[in-house]
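Have a look at this one.
Chain naming follows the written order as A, B, C and D, and within any one chain the residues start at number 1.
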Amino acid sequence: MSSEFGKLLRISVFGQSHGKAIGVVMDGLPAGEAVDLEELNAFLDRRKPGKNSLSTARRETDLPVFLSGLENGVTCGSPLCAVMENADQRSSDYSLFRDNPRPSHADYTAFVKWGGQADMRGGGHFSGRLTAPLCVAGGIAKQILARRGVYVGAHLASVGTVEDMPFPLYPTQELFAEIAAKPFPVLDGGAGERMQAEILAARQEGDSVGGVVECAAAGLPAGLGDPMFDGMENRLAAALFGVPAVKGVEFGGGFASARLRGSENNDPFTVSGGNVTAKTNRAGGILGGITTGMPLVLRTAIKPTPSILKPQRTVCLPDMAETELQITGRHDPCIAHRAVPVIEAVTAAVLLDVLLEGNHGTF
Amino acid sequence: MSSEFGKLLRISVFGQSHGKAIGVVMDGLPAGEAVDLEELNAFLDRRKPGKNSLSTARRETDLPVFLSGLENGVTCGSPLCAVMENADQRSSDYSLFRDNPRPSHADYTAFVKWGGQADMRGGGHFSGRLTAPLCVAGGIAKQILARRGVYVGAHLASVGTVEDMPFPLYPTQELFAEIAAKPFPVLDGGAGERMQAEILAARQEGDSVGGVVECAAAGLPAGLGDPMFDGMENRLAAALFGVPAVKGVEFGGGFASARLRGSENNDPFTVSGGNVTAKTNRAGGILGGITTGMPLVLRTAIKPTPSILKPQRTVCLPDMAETELQITGRHDPCIAHRAVPVIEAVTAAVLLDVLLEGNHGTF
Amino acid sequence: MSSEFGKLLRISVFGQSHGKAIGVVMDGLPAGEAVDLEELNAFLDRRKPGKNSLSTARRETDLPVFLSGLENGVTCGSPLCAVMENADQRSSDYSLFRDNPRPSHADYTAFVKWGGQADMRGGGHFSGRLTAPLCVAGGIAKQILARRGVYVGAHLASVGTVEDMPFPLYPTQELFAEIAAKPFPVLDGGAGERMQAEILAARQEGDSVGGVVECAAAGLPAGLGDPMFDGMENRLAAALFGVPAVKGVEFGGGFASARLRGSENNDPFTVSGGNVTAKTNRAGGILGGITTGMPLVLRTAIKPTPSILKPQRTVCLPDMAETELQITGRHDPCIAHRAVPVIEAVTAAVLLDVLLEGNHGTF
Amino acid sequence: MSSEFGKLLRISVFGQSHGKAIGVVMDGLPAGEAVDLEELNAFLDRRKPGKNSLSTARRETDLPVFLSGLENGVTCGSPLCAVMENADQRSSDYSLFRDNPRPSHADYTAFVKWGGQADMRGGGHFSGRLTAPLCVAGGIAKQILARRGVYVGAHLASVGTVEDMPFPLYPTQELFAEIAAKPFPVLDGGAGERMQAEILAARQEGDSVGGVVECAAAGLPAGLGDPMFDGMENRLAAALFGVPAVKGVEFGGGFASARLRGSENNDPFTVSGGNVTAKTNRAGGILGGITTGMPLVLRTAIKPTPSILKPQRTVCLPDMAETELQITGRHDPCIAHRAVPVIEAVTAAVLLDVLLEGNHGTF
């Protein structure tokens, strides 16, 4: 088992980058939920490649076809399956890498695990392309959440060493919509321009660059999640590390909190609007694994795209000898900005699963 | 469900800090595995409080009593249950916090979830004391792993802004043993002294300080773990966020990788000793969720202890009005150094679970 | 993993028959639920051996000690652990069976699975004694269910070829209480006497006899459970086959339905008390895996106790040669009547788990 | 979550009877396994309707299209998705049943669970048609098992009160192949003719009839499965009750064992061919949840098709008043014979999952 997550809402992703199709099954989706296909496609557009010089030139149409679970635009209770055909494949690009695994790609580990039969064309099942069906699932989850007053949004917090400003203490639905409408998903337009310059510089050098995505959820009630191993952080992290290239996940203050004093890191409680709130949110909206009612805030580290034009050292497996590898073809010099909706999608899917479960602390 | 993790090896933790006892059930442990109780107790000693001025004065004897699963010092196949009685409780210390939740503790969220019935004496089920049975489980896992040539070790990578040196490219069993034998678990003794000074300074100011734990595993074969949502990172993170105070988890380069170029972050493959290895290990031994055969390396951010003597603002829940809270009693000014064996324990438990599953990529 | 079941409410059983203690962890129990210990002990009494000549003379005190999760008689939200010490063990009775496995016991399979280290004294982890902690869990579940108007009861439907009358179409709380108060759990006292005669006859011949337990739940709302693999039948059967000696599980008409015509087996819908009901209940209250609102009815086949005094053929494993085995010691000539509360317990635990999940078909 | 089963091999079924397509995802299938499509289609043919007068006239082409996981006829390690389009739908047949639920169908419970949005055309997700993708999964599992010397076969043990002979003590691969090649899957041809007469009689009366399927697996090693809640019986029953119309599952002697004495039901061990075997197999190859090495034998009760032409009583839900319902259209007078390959499929899928896990009792 590998490509599934969730407890009451199970999301199962299938497909290889250059296979016949990719898709997703959502099992446990509530019935009677309308899916606005226009809104869903607009969401999918946000992760699509080929929009500008910052992304690979590969074109994806990627309109999902719903095989089940959605009738007349409304969920019917039984598992939803959405499929996207793979087109515009140039599999010949990848024939070399079975014998000469690309550094920091999954070529080598897939070979060890699955043997020569592994279908690694275009990155196979490990490809970033598999985030398209994830976005279908997450886009549907976002619509269902929004109907309950829960909003999920994200922005590009950094590219290389260039940083966007962080989310405000209370990010709003409007702010999320504003970022989603931008061609480059940042809060501070100036930072966004410097990030794009950084990406283009990397591209011109035949290199790539990493980044950080910050994601938040507004409107969650307090009391969701369980202590220890089934808390919000556990469930979100378990899913978020499934997004290719994610190498770190932190909540609230995260690693920065580890540098602080308790008096700096603690969030004083206060009362606002008749509710218990906090004056700061270094907890990221989670204490003891359970939501506090403050916005949930997390960040994920996205490593630089491992596919770079610069020559690299690898091993020729048939010879078991070091060799030089030159990767050609179309590759994103940065995937962090395209990961923004993907992180939103996975976060939304986990939150919907937790909300379906409800607060069963009392009964 | 809340306090369990694992797939073929299920580890279930129970107990409240000031209840009758705490304990752990390990279901799925292989039979015929000797448990060296002396070695186990030495491991448990590493997380114990009350050893020096850096920790709370509370004394725990904490010798686990095995109710099942271990006969004549050898596992017998059926679920192992180990129990530790709670002694030296001063529950009167905590009566105040039900009405005036401590900032950045789980008092408030437990109250929202479980209502007035929540037993939060001493932090209840959220207490760091629950890491004692986790260490029983992890200590047993470590012994079983070592018998197969897999070694798990950790050190304190930072306290506040003071940093230890990182693990070398190939941390060894001997290095792990060396750190474990030290009174303060660091690689660089000088850094260790500065960290202890930092902790004492925080203590003198009635404050606390956070830290980072770096953990590594040597000897893992390549090919373990699955793509997407059941990979090594997913499974480890899901368990590690169950350790109280962990707010971030990263693998290999982690968040630092997000600041790098691909040419800096990629790990060139090479051949050494007849095996495919890598010249650097920013992947932390994991590509595509699957082990590469290089050491597995992770870091966890530990927030500063939320219990501080300095007065804090909170809300008096019966009045729904802000108030000042003064926490008295015994508290660790830093828990990061005591978290070192706990992170080892959880890592070892997850790795044993994955190893039990084997590489079922081919059959 | 082996000795756990449940989704939101996880029940984990540990212990060996002649180990230090047996027990159960309930993780996911709602907070604020009072546990009436007198009522619980009365329930546990129903499965106890040694009450009369129909059962083994072994004495168990079996008062559970609550290590966690229950404070001042009320659940506090964190995992509940209850432990029962093992006393009155005569382990010397069982030394023979490692080498000469008893027919139709788990001696041989435990040996194959766990090797010589398996602790099979008194049947080890496979012993019927492990149903005592199951009854603690189920007894607590029964109390929580009753508070919501859901009642679970069972009776001995047959012993050998002697049959009790079946439950009426609408078994009630009062009927369940009446059976529970009887020394022998049947509806028809005359059938009960013939069953007891059958058991005594088996005992006098150094033999044993099997039976069937019928269990019902009244008060369940319609709409619980999911289609296909997570329905009421799937979840109940998965747990019920965990009771030692259960070799068959059927719902409603069960195997008898397979002999009928559709016109005989179909349950016509009707209206009563303003609700949709059915005129018959061969569905056992379940259609498509989902509760109909009619009583849930199931039956489990309990095989005859494999321990009999009559000489039997087995294999001496060290010699790999057939041999004769004579089992001495104390054994129940029938366990089906003692299984009645156990089947209730497991059914109640599963139903509470399903109720905690709620009907998440719509949201 | 509803339509999935398995632990290391997760099988997820999706689709509604009259939706766009039905299908299955197999996640965790080992890589490098050839799938013989001709053999698979021959297996699928065995459950197909429309072959003779005993089945519905509905035609299904039902050639699965593989979207992922299978490249050049060999599994590649990533999740396999197979899809079958729905054709030949006459949805107008079913419009009546939303308001007037058919007795003993899932119409009413689906309505309670999912509300008016439930897509119950043709039985929706509850339709026997969903067993087609199950057979794709199970047919692939059968091929992988056969390559390891494990063979799964089934026959129709009874229709109404007409009984086939039971499997011999050691059913073989050859016997399974022989039954599979027959137009009507029985051991005793005479019994088969009487069964077919029984089905035709039911059909002529506008009625239907139930049956029992007996399934066996030869070649399983001893030591598979776990005690209590994760044993062979638990896992098989949990999956088998997912097959529509199954109302009972028993292993070995099953309910008949409950009528026996221990001396009649116990299976004496003996030695044959250097192995420990048993002289009888009332255990059905399972003791304590663990395989004995003898053939695994189970039976499932299949209720009579609830769709019958005879007028029935039901409730008109808009009026909440009893009414008469006349079901027209094409329906199988018996589905038990078509369930034979389905039971094989589910059994094979569970066995492959267990075999992938291996005997992790020792390590």
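We adopt the following convention: a contact is a pair of C-beta atoms (placed from the backbone, for glycine too) under 8 Å apart; a residue touches a chain by one contact, two chains touch by 3 or more.
These numbers come from a predicted model, not from an experiment.
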*Count the touching C-beta pairs: is C-D or B-C ahead?*
C-D
*Sort the other chains by how far their Cα centres are from that of chain A and give me the top one.*
C
*Determine the centre-to-centre distance between chain A and chain C, using the mean Cα coordinates as centres, and give it in whole Å.*
45
*Please report how many Å separate the Cα centroid of chain C from that of chain D, as a whole number.*
26
*asked:* How many angstrom lie between the centres of chain B and chain C, each centre taken as the mean Cα position?
replied: 38
*asked:* I need the residues of chain D touching at least two other chains; which ones are they?
replied: 1-4, 7-8, 13, 28, 31-32, 77-78, 110, 113-115, 125, 226-227, 361-362
*If you look only at chain B, which of its residues touch chain A in the complex?*
1-5, 13, 101, 103-106, 108-110, 112-115, 125-126, 130, 158, 160-161, 202, 205, 207-212, 222-223, 226-231, 233-235, 237-239, 241-242, 244, 246-255, 257-271, 274, 276, 278-279, 282-284, 287-293, 299, 301-308, 310, 312-315, 317, 320-322, 336, 359, 361-362
*Flag every residue of chain C that touches chain B in the complex, lowest number first.*
1-4, 6-10, 12-16, 19-23, 25, 27-28, 31-32, 65-69, 71, 74-81, 83, 110, 113-119, 124-125
*asked:* Under the stated contact criterion, what part of chain B meets chain D in this complex?
replied: 7-8, 28, 30-33, 77-78, 144, 226-227, 355-358, 360-363
